[in-house]
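As written, the chain order gives the labels A, B, C and D, with residue 1 at the start of each chain.
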Amino acid sequence: MQVKGSVEVIPTTFSYVFSPYRDPIARVSPGQRVVIHCEDAFESRIQSARDIPSRALAGAKFLNPQTGPIYIEDAAPGDTLAVRIEDISPTRDFAISCLIPYFGGLTSTPITRTLQAPLEERVWLWRLENGHLRNDELQLSLPWQPFMGTLAVAPDLEAISTLAPGPFGGNMDVPDVCPGNTVYLPVWNDGALFYTGDTHARQGQGELCGVALEITSKVTVVFDVIKAKEVSWPRIESADRLMAVGSARPMEDAARIAYAELVTWLEADYGWRRLDAYQLLTQAGGLYVGNMVDTTYSLVASIDKHLAARRSS
Amino acid sequence: MQVKGSVEVIPTTFSYVFSPYRDPIARVSPGQRVVIHCEDAFESRIQSARDIPSRALAGAKFLNPQTGPIYIEDAAPGDTLAVRIEDISPTRDFAISCLIPYFGGLTSTPITRTLQAPLEERVWLWRLENGHLRNDELQLSLPWQPFMGTLAVAPDLEAISTLAPGPFGGNMDVPDVCPGNTVYLPVWNDGALFYTGDTHARQGQGELCGVALEITSKVTVVFDVIKAKEVSWPRIESADRLMAVGSARPMEDAARIAYAELVTWLEADYGWRRLDAYQLLTQAGGLYVGNMVDTTYSLVASIDKHLAARRSS
Amino acid sequence: MQVKGSVEVIPTTFSYVFSPYRDPIARVSPGQRVVIHCEDAFESRIQSARDIPSRALAGAKFLNPQTGPIYIEDAAPGDTLAVRIEDISPTRDFAISCLIPYFGGLTSTPITRTLQAPLEERVWLWRLENGHLRNDELQLSLPWQPFMGTLAVAPDLEAISTLAPGPFGGNMDVPDVCPGNTVYLPVWNDGALFYTGDTHARQGQGELCGVALEITSKVTVVFDVIKAKEVSWPRIESADRLMAVGSARPMEDAARIAYAELVTWLEADYGWRRLDAYQLLTQAGGLYVGNMVDTTYSLVASIDKHLAARRSS
Amino acid sequence: MQVKGSVEVIPTTFSYVFSPYRDPIARVSPGQRVVIHCEDAFESRIQSARDIPSRALAGAKFLNPQTGPIYIEDAAPGDTLAVRIEDISPTRDFAISCLIPYFGGLTSTPITRTLQAPLEERVWLWRLENGHLRNDELQLSLPWQPFMGTLAVAPDLEAISTLAPGPFGGNMDVPDVCPGNTVYLPVWNDGALFYTGDTHARQGQGELCGVALEITSKVTVVFDVIKAKEVSWPRIESADRLMAVGSARPMEDAARIAYAELVTWLEADYGWRRLDAYQLLTQAGGLYVGNMVDTTYSLVASIDKHLAARRSS
C-alpha cells in the first residue's frame, strides 16, 4: 500500500474506555501516515524513583489513558482494520516501572483475592540513552525494543475499560505489537474507532510485575481497511510469522482461543484442512504469554509463514 | 565435569509411574556417560498412518512407558540431580503423531469434560531423513530438534503416573529438555531414581494436539550430584539462559510457579534482591508454554544468563 | 421502609448493555413500589419445542434484553442501592429452556474453545400450572421458584454486555435474587441506573446447560438508597442469611471474591476481627455455584445471620 | 444389607499416601460393622490455642495421617466399593482449627504462588460439649455435624499424597461424607485397599481457611462390594439425594466432572436420555464447593432422588 500524506494526532484529553460512545478526535484515511501522541499508563504522574505509586496515583480515578478514537474513513462493520506500525519514538528520556499494591503477576489482586498484605511499593527509573534503557541501581542496560501495550477498536455496543484486553485488542501487552508488524482487528463500528497508548520501551513475556518500561511517545501507523473480511480476534503479521492473540481467563482458555484462531486463519487463507492445521501447529507452533497480569491474560500463538505456505522453513 | 567411562541401559520392561517403590534397573555413577534406550509414548503400537489409535492402543492399560528407575550413586535426599543431555539418537526412521479421542489442547478431555463427541481419529507418519521429518501428505518437512518429553526423579513417598508433570519433572513436554542443556531436579530418595522416555523428534510450544513427533531413541546423559543443594522445581540451563519449569492448573498457576522459582534462583545464586529480580524478569524474562495438554500444564520462565550476571546482553 | 405509592415500568425497547450512556426510561423514588415488565432472554423468539434455537435466534444480534435504565432519585456515586424484591409474576403460561450451539456448562464455548462439533439443539417447553412447571415429555413437574437472572446498575464509565455478571451485578443467574430477599449494589452513577430482566421460573445451581426456565414477567421491587455506604460487589440478604456474590474466572477466583467480601461485611457491620471472620466462615459458611456458563462464573458465599451476630443458630 | 458381626481397626502407624504398595492393616468382610480409629490431620501435634502451627508441625514430614489400607474381601478391580457410614464418635473433647502459613483459601499457596508474606498464624480451640462446638473467644457455639474429610481407595498403580482428592476419593473435605450416607468408590486393586481419616466435627462449604474442626475419632462403617459395576468418580447417596464429586483445577473443571458424572448416573441407573438429564440438572441440580483449598478442588453436584425417579419432589 502506498502512503498518501501524513497527519498528526495530538490529544487534548484521553479516554479510559474503548468506547463507541465517544466522538472521534481525528479522521484519517487508509494509506495516510498517522503520527499519534501517547501518554504513559500513569498519565506521567510518576516521575522519579522516590515517588510512592499509591500516593502519586491517588488523584487518578482511572489509569491507562488512550489517544482516540480515531475514525478511519471507509471502515465499516464486517471489515478488518489493518494497522501497520512504522515507528515508536520516545517523547521523554526515561521509562518508569513500579510496584502498585495488589497489582502484578506475583501478588494477590482484586480478582485473585487473598487477605495478605500487599508487597512493598517501589519505583524503578530507567534512563533512555544510546538505544538502551539504563538503571543505575540495578547496574543494568537493556535494549530499546518498543511496542504499543494497548491498541484497540471500539467494541460492538460495549464500552470496555482500557485496562482490559479482548477480541477488540485492547491492553494486550504483547511485544509483537511493534514497528515492522501489522495488527489486524475486527471492525464493529463505522470508522472502526481506533485507540492506542500505553507504549513500552520494552517488556519481558508476561509483563510480570504488571508494569513494563512505560514511556510517553509518538507512534507512527498506516491504516488499511480490508473490506468484507471478518476476523474474530486480533492477529499480528511480521516479516516471517503469523500470530493470533487470545485473551481470557483462565490462561488455558486464552491459549485455546489463540491456537484455534490460527487454525481458522490457516484454513481460510492458506488452504489447510482443519485437522492438518492442528497437526502443523502441534509440531511447529509457538505459544508465549504476553501478559499474566491484566483483567484477562493474553497469549500469542504463532506459525512460520513459510510453513503456513508449505515451503519448508 | 570429566566423563568417566560409559554404561548402556537397555530396559526389559517399562514403568508407567515415577515411583520410589520400584527396584532400580541400573546403577550408575556421577560422571559416567549413560546411554538410555527409550520406547515411544505408545510403546510402538502405532506404526502406520492407517492405524486407528483407539484400536491400536486398546490393549495398553497404561501409556508413556519410561526407562527406569536408574540409581545414581551418591545422590541422597536434599541434593540436586544435574542431568546433562548430550545426545538423542533415533532408533527407527520415522516419527508418529495422532489424534486420540478426548486428548489434546483443542478438544474436551476427562478433566475438562463436555458431552460432545470426540474429534475424528487420525495418524500422521513423518519419515526421518537427512535431519528432517517429512510428511508427504502435508507436503512438509520440519527440522530434527529432538528432546525428552519425559524426564523425572521418583517423588517423595508418592508414585505418580508417567502422564503427569510436577515438581519431580515428569511429562513436562518442554522442548528445552534437549541435547546441550542441563536439567536440575530435586532428590527425595537415595539414588535419586531417575526415569526418562517419551522422546520427541520435535514439537511446537504447547504440544497442541497432545502428541508430538514420537520416536524410539537412545539418549545419552551424564549425571552430576550437587550435594546439599535443594531446588523445589525443575530447572534447565542452556548455554545462554536460565529456565524454571512450573507445572500446575490453571495455567496461570504454572506461570506463577515458574517465575517465582526464577526469582528464587536469582536471589540465591546471583545476588539479586527479591524485588529487583521481580523487576528484571518483568522487563527481560521469557515465558512460553511447554504443554497445554497433560494432567497439569508446564510453563517455562527464563532469563538471559548475561543479564542474571548483570552483564548487558 | 414504608412503601410510598407505586409506579409501573413498561419498556418499549430493551437494552443489551448495562450502560451509563443510555437515557433513563423511568424515574422512581426510594420507597415506591415499582412494577417492571421484563422480556425473556430470547425476546420471546422461542415459543415451541419444535423451534430450532439457532434459526429462531438468527435475527437477534444480541440476547438477554433488559428493562432499563431506571433512575432512582437520590442515588449518587458512593451510595449503595438496596433492591427489595417483593414479587415476580409470570406474564405467560409457559417457560422455555433449550440447547444453543457452543453455549452451556458441558460443551465447549467461544471462551473454552475446541474443534469439536456442537451438541444437538433442543427446546424444552414447560407449562406453568398450579405453582409448578410441567414438561410432559420428561414426565416431570418442578416447583415455581422464580428469580431475576439479571439485575444490575450501570458500571463506572463502562458499558457491559447484558450476558456478563460482575461487580455491578448483571447476569449472575443466582437463585437467591428472589422475592423476599434484598440485593445491595454499588452506585457509580447519579440515579444508580438500574436494569433487570432474564427472569427464571426456576433454575438449579450452576444453570448447567446455560438456559434456565425462561419466562416473561412483571417483577415488583422497592428501592432504597443507603447514603455514603460503599460495597464493592453485590450482596444479598434474606430472612436468615447474609450472602456475597463474586463473579470471575477461573471459578476459584469467584469463590475467593465472594468469601473475601463476606469477611469485609462481617468486619464492617458485625464487629468481627478479620481472622476470626475467616474462621467463622471456614466452619459455618455456605458456597454454591450460581452460574458456570456465563462470561464469568458467579459464586455465592453465605453465613447465617444469627451466627454473624454471635447468637448460636 | 444385613450387618454380620463387627471388627475394630486400631492403627499402630499411619499412612501419608493412598497407595497400593502398603500391606493391609486389617481384612474385613462386606457386611461387617467396622469401627476405625482415626488420628486428626495434625497427628495431635496441636493441642492448645497457644500453639504456633509452624513450630508444632516442624517435626512432621507429612500431614493428614490415614488409617489403612483395609482389605475388603471379595472386592476386585472393576467392582464398586460401597461405604455406608453409620457413626462418627469423637475420641477427645475438643476440635482444633488453625492458620498455617501459605495454606488456605484466602492466601497465596505453593500452587497459587506470590511473593507476599504469609498471614499471621493462629489456633482456635473449640470445646465439644452437649452436641455443640464452643469457642469462648469467639463467643460462639456451632452444632456437631461430623464427617470424614478423607476417605479413599488405593489408586491404580499410583500412590497419591493423602492431601489430595481425586477419582479415588481422598481428601475431598465434603460434608456429605457423613453418618447416614453411603459413598461409592471405584475399585482398582484386590481388596479395594480402603483408607480413611481427617475427621471433622463440622465444616463450612469450601473449608475456607483450609482447616476444619479437626478431631480424633472412631468411625463406624459397613462395606458392600457391588460386583462388575464401574464408577469413574466418587458418588454419595443420602436418604433423598444422589451426589457426584468432581475434583480438579481450575474449579470449573471440577464442576464439569461432577455434573457429567451425574448425567452418566441418571443415564445408566434411572433411564434418562443424556440431553434430558442435562435439562433436569439445569433446572433442579445442586452444586456446592466441598473444598477450595486442597491440591485440587472438590465440588459436589446433586439431584433429588424423587426427581431422578421422575416422581415430583
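As a convention for this text, a contact is a pair of C-beta atoms (placed from the backbone, for glycine too) under 8 Å apart; a residue touches a chain by one contact, two chains touch by 3 or more.
What you see is a predicted model; the values in this text were computed from it and never measured.
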Between A-C and A-B, which chain pair is linked by more C-beta pairs in contact? A-B
If chain centres are mean C-alpha positions, then the most distant from chain B is chain C
So the centre of each chain is just the mean of its C-alpha atoms; given that, what is the distance between chain A and chain B in Å? 33
Going by the touch rule set out above, which residues of chain A reach two or more other chains? 106, 112-115, 119, 249-250, 256, 260, 263, 275, 278
Mind pulling up the chain C residues that touch chain B in the complex? 106-108, 112-119, 250
In the complex, chain B residues that touch chain A: 97, 99, 104-106, 119-120, 122, 124, 126, 132-133, 137-143, 202-213, 249-252, 255-256, 259-260, 263, 275-276, 278-289, 292, 297, 299, 301, 307, 310, 312-313
Residue positions on chain D within touch of chain B in the complex are 16-17, 19, 21, 62, 110-115, 157-161, 248-250, 253, 256-257, 260, 263, 274-275, 278
